[in-house]
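Below is one structure; the comments refer to it alone.
The chains carry the letters A, B, C and D, assigned in the order they are written, with residues numbered from 1 in each.
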Amino acid sequence: MPLLYPLVLAAALFGIGLYGVLARRNAVLMLLGVELMLNAANLNLVAFDAWFGDKMHSGQVLTLFTIALAAAEIGLGLAIILTLFRALRTVDVDQVGVDR
Amino acid sequence: MNVTEAVFLLFAIVAVVSALLAMTSHQLVHSALWLVVTLGSVAGCFVVMTAEFVAWVQVLVYVGSVVVLVIFALMMTRQPAAGPSAEVTGNRWAAGALGIVAAVGLGATVTAGFRGERIKGQRIGTARSIGDALFHDWVLGFEILSVVLLAALIGAIVISRSGSEH
Amino acid sequence: MIVTALIVPFVIGSLLMLFRGDVPGRLAALLGAAAMATSLVLFAMVWDGPNGVSGEVDTSWIEPLRAHFHIGVTALSWPFLLMTAFLGLLCCIWLVADDTSPAVVGLVLVISASSLGVFASLDLLLLFVFFELALIPMWFLIAWWGAPDDPDGRRRAATRFLLFTVSGSALVLVGIVIVAVQSKSLQIFEVTSGSVVAASLIALGFAVKTPLVPLHTWLPDAHSKAPTVGSVLLAGVFLKLGTYGLLFLDSFMLHDPFGKVAPYLAVAGVVGIVWSALACYAQDDLKRLIAYSSIGHMGFVVLAISTQSVVGVAAAVFGSVVHGLITGLLFFLSGSLKERFGTASMAAIGRGLYTRTPWLAVAFVFAAVASLGLPGLAGFWGELLSLRSAYEVGDVLTKSGAWTLLGFAVLGIALTTAYFVRAIRLIAQGEPVPRDEDRDLGGHEVVVSVALAASILVLGLAPGLIVGLYDHPTVTYHGSYSAVTP
Amino acid sequence: MRRHWPYVALTAVLSVAAAAWAIPQLDDDHGTTHVWVRGDALLGVSLATHVDGLAAQVMLLAVGVGLLVQIYSTAYLGHHPRYRSYALIIVLFLIAMLTVVVADDFFVLLVGWEVMGLCSYLLIGHEWQTTEARSGAAKAFLMTRIADLGLLVGILVIGQTYGTYRISEVLAAGPKNSTAIALLLLIAVVGKSAQFPLHTWLPDAMPGPTPITALIHAATMVAAGVYLIARLLPIFEASELAMTLLAIIAAITMLLGALFALAQTDLKRALAWSTVSQLAFMFAALAAGDRDAATNHLLSHGAFKALLFLGCGCLMHAVGSSSLSAMGGLRRSMPVTFGAMTIGFAALAGVVPTAGFFSKDGVLEALHHAADGSGVLPDVLGEIVFYVALATSLVTAAYATRLWLVAFFGDAKEHDEAPQAMIGPVVALAAASLVLSIGQPFHFGIGLLSTIIAAAGIGMVVWAWRAQGNLDIDAPLLARELDLDAPYARWLPALVGSAARLVVAVDRDGVDVYPRSSATIAQFASRGLDLLQSRNVQRYATVIAAGVALLTAAAVIWT
């Protein structure tokens, strides 16, 4: 299988995720965009690991780490968003910081 | 083209289309559900690349917990619907352009760098081999990560509690 | 001695601003007057002849920049110093009233002291620091205590004033840096050469302050919105910072490069004379009118400086000092009018002040006649010496150019007469319609007016008091001047 | 009277002092120079005086008329609320005139010269409630002061040329650069003495109080112009151009003034035009190079013109107006005024044996000489000026007779004679108009000619009076004074006014463009940068991402 397949897929997912982060008004959706970009990175790690055949399996291990960190990040992010919602009754990012 | 490549391409197409839908859908819950599809497809890609353990973790953590968390969060922060265009900011054209630039730029870079390289298809991702690597070579990183996770856990609790007092 | 003369008004001014809530207005003004009087006496006493520097103080200040705390009184600055201290004193006397805010007195003191510092500085950086120090209090004076009926307008005028002059002083700073780098010194007596670029930048910066057409539009706005003492200090002292700067640049520092710039300055000055006279002819607001007339008088001064001759130096110093006194009197009197009638608009004040407020009208006519350059009063000699310096051409101008400028300057004098006659006709003469606000000059107004009128008369009858300081060959400057005839 | 005597006493002291100074010098042709304060090298202004016979005569004239005017004013204007300032300004006026006369330094002369202009401005505008007084005063001040700038520049030229500002030193040095100097001084003289084309201010100055008019017309202001040229005649004589110009101006002015005087319906204005015309006689004599003739005419004219104006003031005091239509038949009720003014009019017309006859005789003789080619003037011009002067004499005799007849003859009206304080000076001046003729030179041929001409003029008017019964002259163009005032009254103010409005508009909309446009640019830039500093997280992220993309691209391209 050509190495390019996963790499190009990763590039496409990263671009889509970036769009989501920059364009979505809802903060939760912004977080989802971040997850998508992280996944693109994971895909790269795994693809290179498979291609390189590393004994330490560093690509996959790092992927696992990333997944764990992403879980932590989304937990914290959602906590922040909830707090924000309680305080402002909105989760629109362009509302935050403007009226204060 | 063999079967492996065809399956990978199928997963890839599904992943990209569902990611696009997830990022553009006007219904927030739909977005989350389309994201499930994307993450599942990526897990499928992992399987095709013989990284089955990572694939299972992906399914368990992302599809299983993260998305559920997100859906809960979406439900808890539901606002009165303000029309379809309310879901994207005026920034979207710049964001779209930057997304395309990023995708094309990265794609071009990897194409220029790795054209003609192939993945040989040996099994790399059994649970045993990953476990060996994780607890022999990467144990320090693993422990640090667990501390980070603990910190995140406590942090999440503190943040959500401090917000609820008001 | 000079240090004391500078510190006393500075300290008293700062204290008055700090304890503005605890001091009665009348006491504050008297304290201020005492401070300025001290300063005036000290500056008068420190003088020992036109040769060299009197009362020089020179201590190291900022070593790495070679900046010194170097002050002293020269023949060039002495008349400016006395005039500034005198006007500061009169401003404080003017403010002797119960409703005076002590902070205003404090600001007046700080402005006067900073201007005194500019005139006394013999170090470029020190000069620049004092120059800037004078600006900010003036912003407060205009923006906070300006025209009470127009808060937005006074704020805008003050900001406009500040932006213009700060832009000008930025140019001056760049010029000073270039000069300092080129001659490796900041002491004015050591800086004797520099590039034309530096001279142009400094001249342009001071031209904003002077002001020369077309850099003058801040002046009428600032004057029409400023409080009386603000207008007096602005016209009497601040414009002199510009002309003194030009003189200083010419006489001490960059004589030769300045010669390259001088013809342009001369043209701008003469254009200003005619331009401002025409503008005056169409004004209704008395304070704007006087402001525009200041531009014309400064045009004469700049014309004189541009000739780079001893006569020109004498004309510039005399013209500047006398303009401070005459325009100071005019602004004090228009301030009196504004205080009574709430406006400086001639149409609103009404006609026939000769019977309504006889002494006020007489003082105004006296000041106007002095300002239009009647021989025998001080204003005449400044204009005359300017014209003479232009007629004798000097070192840098061409004969045809200088004589053309002379012709336009003479036209300007004619127009000046016309607009002052128009002003006298509009307010002093005419069928009087008495109003409740009609009130003749009161206590402190009489003191100020008499002091200024007397000084104008004395200098008009004995112009040699100032001109004699530059009597060839008692004064030597770094520049080379042609011999004086006759 | 108690509030008046300090001012009269002040004037008297001044007059006595001036007379004591002047009388010993009357026969001194070289003059005595005295330097009171020596000027320094740079400014060069010395307080120096120079008194010779000419100066002494003019001084006596000035203080004599001044004292009489001051006495006259106690009755004429004594109850005016502003009498005090009025009387003080007269004193200042006299001091300024004396300064001009005795000054031996051009700057001191200029000080007196212009202070006199200011005093005339203040005095003409004494009744500043009325529009006529205001505009007449402003016009007098502006026209004379603008002309004075010629003197100012002329002094600068003198200083540069001779290296001194002392008049005696300049005259002793002999003429240099005299065309430029003489032309510049001529501008000032033409303005001050109201000669064509700057003559229109003098008749418009008539709203001033009548004693002031007498003072200005006889002894101060306008006499200063004649005195200046007489004093500096050597400089003028060295320039043929200046003398020619002076002769032409004098010829035009004398005839125009006389014709305008003939057509007036107002006694005071007619007398004003007569002053313009008579001053031109003096300038004609100066142009012919005869200083004594000019000075003699200045003195005799000073006496009889002061007499006429003060007499006119008596009539106005009685009638309440200076209009000729309000007068008539006053000879019975005001016999003293009638007698005195008859002498005055006779002197004006040039009737033997008044001072006016002899001094005019001198002027005509000087002009006659000039036509012989003995002076600086070209012969033809001398001849033309001589004939113009003869024609002017004819018109002068005619209008003097006309004014005399209309004012004092015809239907009798009953009025009171003027108070003694007014009559006294008038009688004194009438005596002077006769006494001044003692010892005057006399030229038989010219005298006979001028007597014939005067008789012809008087005869024509008397014949017309007998024939028609009135002396109304229907000459609208002359009554409008040929519209020569239009440039000063309308065109020039309109020009300056519109230029002023233009300047203000350009200042507001043109010059102010750069501060305003820099403000606009600053606001624009601020708004542009505000997009970046939006307090919107996503915008920041977009900018960061774009920055990363650009930096990466740049790194890729330039490595």
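One rule holds for everything that comes next: a residue touches a chain if its C-beta (ideal position, glycine included) is under 8 Å from a C-beta of that chain, and two chains touch if they have at least 3 such contacts.
This one's a predicted model, so the numbers in the text were calculated from it and none came from an experiment.
Colleague: What is the set of chains touching both chain A and chain C?
Modeller: Shared contacts of chain A and chain C: D.
Colleague: Could you name the chain whose CA centroid falls nearest to the centroid of all protein CA atoms?
Modeller: The chain sitting closest to the overall C-alpha centre is C.
Colleague: Distance from the CA centroid of chain B to that of chain D, rounded to the nearest Å?
Modeller: A distance of 104 Å separates the two centres.
Colleague: Mind checking the centre-to-centre distance between chain A and chain B? Centres are C-alpha means, answer in whole Å.
Modeller: Roughly 6 Å, centre to centre.
Colleague: Can you compute the centre-to-centre distance for chain C and chain D, using the mean CA position of each chain? Integer Å is fine.
Modeller: Spacing between the chain centres: roughly 36 Å.
Colleague: Distance between chain B and chain C based on Cα centroids, please, to the nearest Å.
Modeller: 74
Colleague: What positions in chain D touch 2 or more of the other chains?
Modeller: In chain D, residues 536, 538, 542, 545 touch at least two other chains, as defined above.
Colleague: Touching at least two other chains at once: which residues of chain A meet that condition?
Modeller: Answer for chain A, listing residues that touch two or more other chains: 18, 21-23, 93-94.
Colleague: Return all touching chain pairs.
Modeller: The list of touching pairs comes to A-B, A-D, B-D, C-D.
Colleague: Which chain D residues qualify as touching chain A in the complex?
Modeller: Listed in rising order, the residues of chain D that touch chain A are 535-538, 541-542, 545.
Colleague: In their shared complex, at which residues does chain B touch chain A?
Modeller: Residues in contact with chain A: 2, 4-5, 8-9, 12, 15-16, 19-20, 22-23, 28, 31-32, 35, 38-39, 42, 45-46, 48-51, 53-54, 57-58, 61-62, 65-66, 69-70, 73-74, 76-77, 79, 86-89, 91-92, 94-96, 98-104, 106-107, 110-111, 114-122, 124-125, 129-130, 133-134, 137-138, 141-142, 145, 148-149, 152-153, 155-157, 159-160, 162-164, 166.
Colleague: Hey, which residues of chain A end up touching chain B in the complex?
Modeller: Residues of chain A touching chain B: 1-26, 28-29, 31-33, 35-36, 39, 42-43, 46-47, 49-51, 53, 55-58, 60-61, 63-65, 67-76, 78-87, 89-94.
Colleague: Applying the document's contact rule, which stretches of chain D touch chain C when the two form their complex?
Modeller: Going by the criterion above, the answer is residues 39-45, 82, 107, 110-111, 113-115, 118, 121, 125, 128-129, 134, 138, 141-142, 145-146, 149, 152-153, 156-157, 159-160, 162-165, 496-497, 499-504, 507, 511-512, 514-515.
Colleague: Could you pull out which chain D residues touch chain B in their complex?
Modeller: 536, 538-539, 542, 545-546, 549, 552-553
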